[in-house]
């Protein structure tokens, strides 16, 4: 039976790979999810089938069934509602929570193995196994608390702004150095069991301290990095348990997190270190105040008449749309304009919203066909020929300062060229700056109309105005 | 003969290269579902959790830690795959209704 | 030391992977070749270092140094001149030859292992090892003779046309069935040593029979398939010797051959089975004769005046260019036209020539910058705006029948839309058909000028005419 | 514990996926050098040939077959890498001379 398990694991790993491969296109993505789920079910069944006997080899029986079954039942009972009740706007928080769960599990398994193997420390906690084990638990515990902090910030339970104090980086570094020192000591002398709880506590603390100086708006990047850590932790578990399946799944997760964080950093024109140690949001917040400048604002009625006269409209959604949960209203607006023969497209910036691809999911949730969601590089050529660019709750990703003002904190970040459209309309609640805390020159252009109000409420009004005008 | 460490390092090297190649090709449209999918897949640590909890000589500590671990990852597995499925089902090319 | 070897092997495998990765762009391709070479040197050194002792484990010494060193010296002495003397037009033949060498080596190693391990057959020739071993030798021997045949056909030592006889596929199948039967028997009873030579002989024979019914022009696809087999054979050797490095390198080679053959089949709109069992070339040869149709031909002088009047020219190279070795002359033509301010580009069809990418290598050899070499899908949009399409030794890849004539053997094959250019000029020696053996409607169009002559000679004349006309 | 076969199958599966991903991305410009490069890499069977020839108890047959095998693959290694290098060096973006 143990051999059968190995073959099942090979199939399971292949399914995980196919699963990610099929995510390369929406048309095959559902197949991808099913392949992944099947791989997981096979892996679990395979593990039960191939359970080693008391002597560590051959056919055996799973012990402690009640514990295992209860845990499976609880996990399922908790998991199903999370999946179905969670609104799409809360996906970033849910992702952070599940990183926390995954990392905790890895850390706890590592801890259990550490104590369980003590009686045979000589053979079963050899140097390389201990190295893998301390990496597993270190990453596991710090990702656990780090992800919880990230979740708190995204859910706005914790303060969004970075919390900084003097010598913060030095303190963090010192803490990390102590934890690393203990880890090395444990790897050399695995029988020093009393050091383990201290090591674990330091890792947990370090996870908290690592996140508090990072602003709420940087949480998406942090989540991707924590994703990577959680994957590496599962990978390390694979080294401890000598399981290739774990190594492969962990490595896939690790590389995914790495690539997503690189994509995000690039789209924001920032470096890893800047995200992790920059306390970016806070510093800029204060530079927002400039001399009084004039802008034009308009009512929903006026805006509706502009939209109606247009033959092509590009809608640019941003973080404010997610906050206002306006996706379904936007779909109504899209329908209503399309019915009038207006050509409507969506310009999606890679870091609009609070997670890479976040806007795509929200628009898809509202049943907007995905071929209307156009990536930044592709849509930028279309703005000069477009009659109206309608910006809804987006700010930084449309700021022309990124192109021109070398002193600006967002200088060099690629943006949507909204300012090249014939007319620009911006729905937001005030003249307040966005995440980067800087003024947006777009709002002061002659061709720009500011539409003040909550995204959802304003779009509803727009929709109401549109048919009225047709009747007239 | 190669040791376990050497074998696992080899596998790790291959899997990392493969992961980087594959993920780089994922459509930006799907970055959010991708994140929840990889997260669900990394819940494969359920294998380790079962091994710890179900082992013949599992101590009480192992059972408790393993129990928490299984609960946590099964939550991830269930909610991860289901929510990813919910998300990808939303992506439609042409509008079906109306 | 044996452990060091394992780490060296990991690095070596990583270098092979990087090597292929860097082939994704000409700018990094040199780095790719160097990485591959380095990986190979490391692997060889690692093997010497980690040689197992007489007991099969631990540090040991390499025996039979004189044999090994002599073999290395001979291999190097033979290999260097091949690399430097081989003209680029003969690359397909060289590739076939090297597949033969690689496959032979795999087969011989498998054979040696088979006899060497006989005394310990019980433990060292267990079922799975024997399965791998017979796969290794079967693929190795058949690829060896198959590749030699392919080389003979490409070098035109052997007749190009397919050799067919009644019940050919049945005979081949029977032969293969017997070989497979022996293989199974050997896998079950590895001590039946007398069966092995029969098995090997059948595999060698099968390689010959497999290739003779395939036409010379299909050899490129065959070579890619044999490439795949050679890789799989190395892979099987990895299973026999329990070496992951061999498994990885073999799998990389195997997938490369597979993908290249798929690309070629797609570009020709044919299936694998059609290539392997279709005896394609011969059947069509006879359908070439049609009623007399009129065409216009022109002299080099007239052609030169047309070229000079043009402001944009697309040159379409084909198999005839390789035959005539005209690449350097074409470079001169390119220079001369460019100097006159004519915009010159090259339209490269994926299966022009005798190997995928063959035309690119020839053009690169003549120092034509690679950004002027445009792939089919990209250049097809440019033909309608192009003054002159100059076809040099290409035929099938420009035949409009592929688009229109459902009965044509090349129907459905994507072609270069040469017929959409304002004027078409075709350099070839006669009105004879190309590989597919069918008439080319292109030649009978009103806007087409036939330029009869050897590609190299005619282009030389063209070049001579050009400056003369400027002076006039 | 997994057997050798199971380990190698795992590695084979990974390497095949990786190969397919990577090769698919190779520029069509470079398909000819790609073929000679993979061919040179598959000459890694030199490792097997050395093991056969250099083994302590190698029979005369093993030595002869191994000798031929080494000669054949070393030819492939040397000519394969050198000719590929010659080819890729030819690919230039801008014309240097003149």
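Remarks
Chains: A, B, C and D, in written order; residue numbering restarts at 1 for each.
In this text, contacts are C-beta pairs under 8 Å (C-beta built on N, C-alpha and C of every residue); 3 or more make two chains touch, one makes a residue touch a chain.
Only a predicted model underlies this, so the values are computations on that prediction, with no experimental measurement involved.
Distance from chain D peaks, on a Cα-centroid basis, for A. Chain A and chain C have centres, each the mean of its CA atoms, that are 45 Å apart.
Rounded to whole angstrom units, the spacing between the C-alpha centres of chain B and chain C is 41.
Centre-to-centre separation of chain C and chain D, using mean CA positions: 16 Å. Contact of a single residue of chain B with at least two other chains is seen at positions 7, 10-11, 14-15, 17-18, 22, 25.
Residue positions of chain C with contacts to 2 or more other chains are 17, 244, 248.
If touching chains are joined by edges, the resulting network of the protein chains shown has some other shape, matching none of path, cycle, star or complete graph. Two chains count as a pair here when they touch; such pairs are A-B, A-D, B-C, B-D, C-D. The touching residues of chain A, counted against chain D in their complex, run 2-3, 6-7, 9-10, 13-14, 17, 57, 244, 248.
Residue ranges on chain D touching chain C, taken from their complex, read 3-5, 7-8, 11-12, 15-16, 18-20, 22-59, 61-63, 65-95, 97-98.
Across the interface of their complex, chain D is touched by residues 16-17, 19-21, 23-27, 29-30, 32-34, 36-37, 39-40, 43-44, 47-48, 51, 53-54, 60, 62-65, 67-68, 70-72, 74-76, 78-80, 82-84, 86, 88, 91, 94-95, 98-99, 101-102, 104-106, 108-109, 111-113, 115-116, 128, 223-224, 227, 230-231, 233-235, 237-260, 263, 335, 350, 355-358, 360-361, 364-365, 367, 369-371, 373, 375 of chain C. Taken together, the chain B residues at the contact with chain D in this complex read 7, 10-11, 14-15, 17-18, 21-22, 25.
If you check the complex, the residues on chain D that touch chain A are 1-3, 6-7, 9-10, 13-14, 17.
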